[in-house]
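For reference, chains read A, B and C in written order, and residue numbers begin at 1 within each chain.
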Amino acid sequence: MAALISIAVFGIALLYIELTNSKKIQLPLAVVGLLVTLGLTVMQWNHPSSSFNNMAVTDNYSVAFNASILLSTMFVVLLSAYYYEDVKQHVAEIMALMLFTVFGAFLITSFSNMIMLFLGIETLSIPLYVLAGSKKFSLRSNEASFKYFLMGAFASAILLLGITLVYGASATFQLSAISDYVNNTKQLPGIFYMGIILILVGFSFKVAAAPFHFWTPDVYEGSPTLITAFMATVVKIAGFAAFYRLFSSAFSSIATFWEPLLWGMIILTLLISNFAALLQKGVKRLLAYSSISHAGFLLLGIIALNKLSAGGIFYYTLAYSLATIPAFGVLILVKNHRNSDDSIDAFNGLAKKNPLLAIVMSVALLSMAGIPITAGFFAKYYIFVAAIDSGYILLTIFAVLAAVLGVFYYFRLLNAMFLKEGEAEKIKIPVVFGISLLITTILTLAMGVFPDYIIKLL
Amino acid sequence: MGSISIILLMACGIIFAVAAIAIGRKLSMKRFNPTKGEAYECGIQTEGDTWVQLHIGYYLFALVFLLFDVEIAFVYPWAVVFKEIGMVAFVEIVMFVLVLFLGLLYAYKKKALTWM
Amino acid sequence: MSLLFYILAALSVLTGLGVVLARNPINSVLSLIACFLTIAGHYVLLNAQFLAVVHVIVYTGAIMVLFLFVIMLMDMNRANEPHKKWTTKLAATLSGCLLLLVLLASTAKVMLGGPAPVLSPDMGLIKNLGMVLYRDYLYPFETSAILFLSAMVGAMVLGKHEPKKI
């Protein structure tokens, strides 16, 4: 609770800092706000509590996901110092909107009531629609914002309709009560099933899983790169935390109904995203498709629905965030240097002149591909183990094949950086930027070498 | 509350409005000439399309208005139950209004509410 | 009561059709306002007076004004309206019909079970609503303030007039 209030207060404080127009305070205040909130969040570890008529529950599950959301936001905010260096206006507003997004994310990691789920998703999404369009004079950014808003509004409506139908059948919003209802009713009414399908559709839109992924490449490409990094990490962490919380508590007893649907979605997501990623020329679009494929792997953790799932999903989202942020960070630098050219060719010969950037990018890409000693390897490993444990052997084999396919397009980028010749010059790396890139890289490697510390948390 | 009375009221309202317009049409004299048919614009000939693009400023105002409209909708039931719930309800509404007020103050300071 | 319901329902459907079929977007909005008013009538019939009042004030009043502004914001020249391919139109119609079919089929199954039990006829009265909102649903109420705030800030970020290009 204290963490929630703290993030809101710092968000509002940032707004008023914007009025003074002094950039020197904005960034430190945002970082302090995130740190204070992180402290308050971690303090709740092993102190499960519920407040407001059981509407908000704080347990280790929500604390872990909240901490990982805060960590990702922190890195994004640190990168923003360089990214918004030349921008005069709206910087503090953008950070405030990020904090409000985090506020929404907190609501859905710790919800135990469907109303809070909807409210949280809206609080998460609405600032993001604005952030996607925050590059006001770029047509692409406007388009991304508009597209995201229209699609997101529809998805929210579908999710809400699903929640309503479930309420109509069970007459309750409380997750535990819905679960009781499912267990105690012999013949569930049709609207209940319809509700589950619609909720599934709404969620798969928000986490960008096929067949509801089509907005992702355009929105990720059009949004300002830093915002894309924010979207790709925070929304995915929070979305999957809520997704798993809902389906593992309220709907776990009728898993036989929704698991086949999810099964099909996983196959589709992995197929579409990996083949589409092979064809991409732009790095931003490639990362967008890779983000979709990660959603596919994460869905495996949900379909597994056993005691390994929560830890697996947590580890995966954290590893994915720690790889995504430096990847986009390096992309920002290269893109700025190459006059907004974000094609793979822009990375040609990066390793010669900028070994540090090339190493950071390689570790991030290897982690995304799931190569050992990076966090990504164990992320996929734990998810696969969870899935096999629940008997999804065929699906896991398919996912492994998809992961192998994924290695191809990550290696296209590595190939460009290390083997191809390019007229690369030395890129100057700002201090804060470089440090945060290094920290994420070190964390990725550390998580890959000592995975036990993270996986044992949940 | 019988539905008959509501239907009667509705019917009366409709008949009254329709009758007023219809009688006016029937009784009034109609003489047309070209000058009469023009749009009245201080005697100058109107030019261009009637469809003009509005300024985005209108939209901002409308949105801020909408937010406070919703707030009023929340305050109404609060006022009804305030006595029964007491101090807790007071703190709740103060917090709610405070957050929105901070938003409005921010909009004001940011000069988003000044014209152009 | 049922006669009034049928009158209102007929009006809702007619005005709803008006929204979709009107050529001029302003006429659409006006039909939508009429449609909302009839829906407010339905709320009154269901003994949910507060909902009816809020519906008129917020939706018919404020949101429709916003709609009108948005329509006036746009450049509505017929000439630059993009022409859709017939395949797009066909796909849109088909998928819309499919969605309708699925929703209808699933709701029809429920309808056969007879009318839903009414929990309490006074449920929609302002007093009960206030008690529920400020006692049981306090948490969503307070958090929605942040949602409103972020919507307001977002509108300012996107909508504020910029003096010069950055």
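Everything that follows uses one rule, which is that a residue touches a chain if its C-beta (ideal position, glycine included) is under 8 Å from a C-beta of that chain, and two chains touch if they have at least 3 such contacts.
Keep in mind it's a predicted model, so treat the numbers as computed, not measured.
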Of A-C and B-C, the pair joined by more C-beta contact pairs is B-C
Max Cα-centre separation from subunit C goes to chain A
Cα centre of subunit A to Cα centre of subunit B, whole Å, reads 41
The distance between the C-alpha centres of subunit A and subunit C, rounded to whole Å, is 31
Whole-angstrom distance, CA centroid of subunit B to CA centroid of subunit C, is 17
Residue ranges of subunit C touching at least 2 other chains are 138, 146, 149, 151, 153, 156
Subunit A touches at least 2 other chains through residues 8, 12, 15
Among subunit B residues, those touching two or more other chains are 99, 102, 106, 110
Note: in the complex, subunit B contacts subunit A through residues 99, 102, 106, 109-110
Touching subunit C in the complex, subunit B uses residues 3, 6-7, 10, 51-54, 56-60, 62-67, 69-74, 76-78, 80-81, 84-85, 88-89, 92, 95-96, 99-100, 102-104, 106-107, 110, 112, 116
Counting only contacts in the complex, subunit A reaches subunit C at residues 4, 8, 11-12, 15, 51-53, 55-56, 87-90, 93-94, 96-97, 100, 103-104, 107, 113, 115-116, 119-120, 122-123, 126-127, 129-130, 133-134, 136-137, 145, 168, 189-191, 193-194
Per the touch rule above, subunit C residues touching subunit B in the complex are 1-4, 7, 50, 53-54, 57-58, 61-63, 65-66, 69-70, 72-76, 126-127, 129-131, 133-135, 138, 141-142, 145-146, 148-149, 151-153, 155-156, 159-161
Note: in the complex, subunit A contacts subunit B through residues 8, 12, 15-16, 18-19
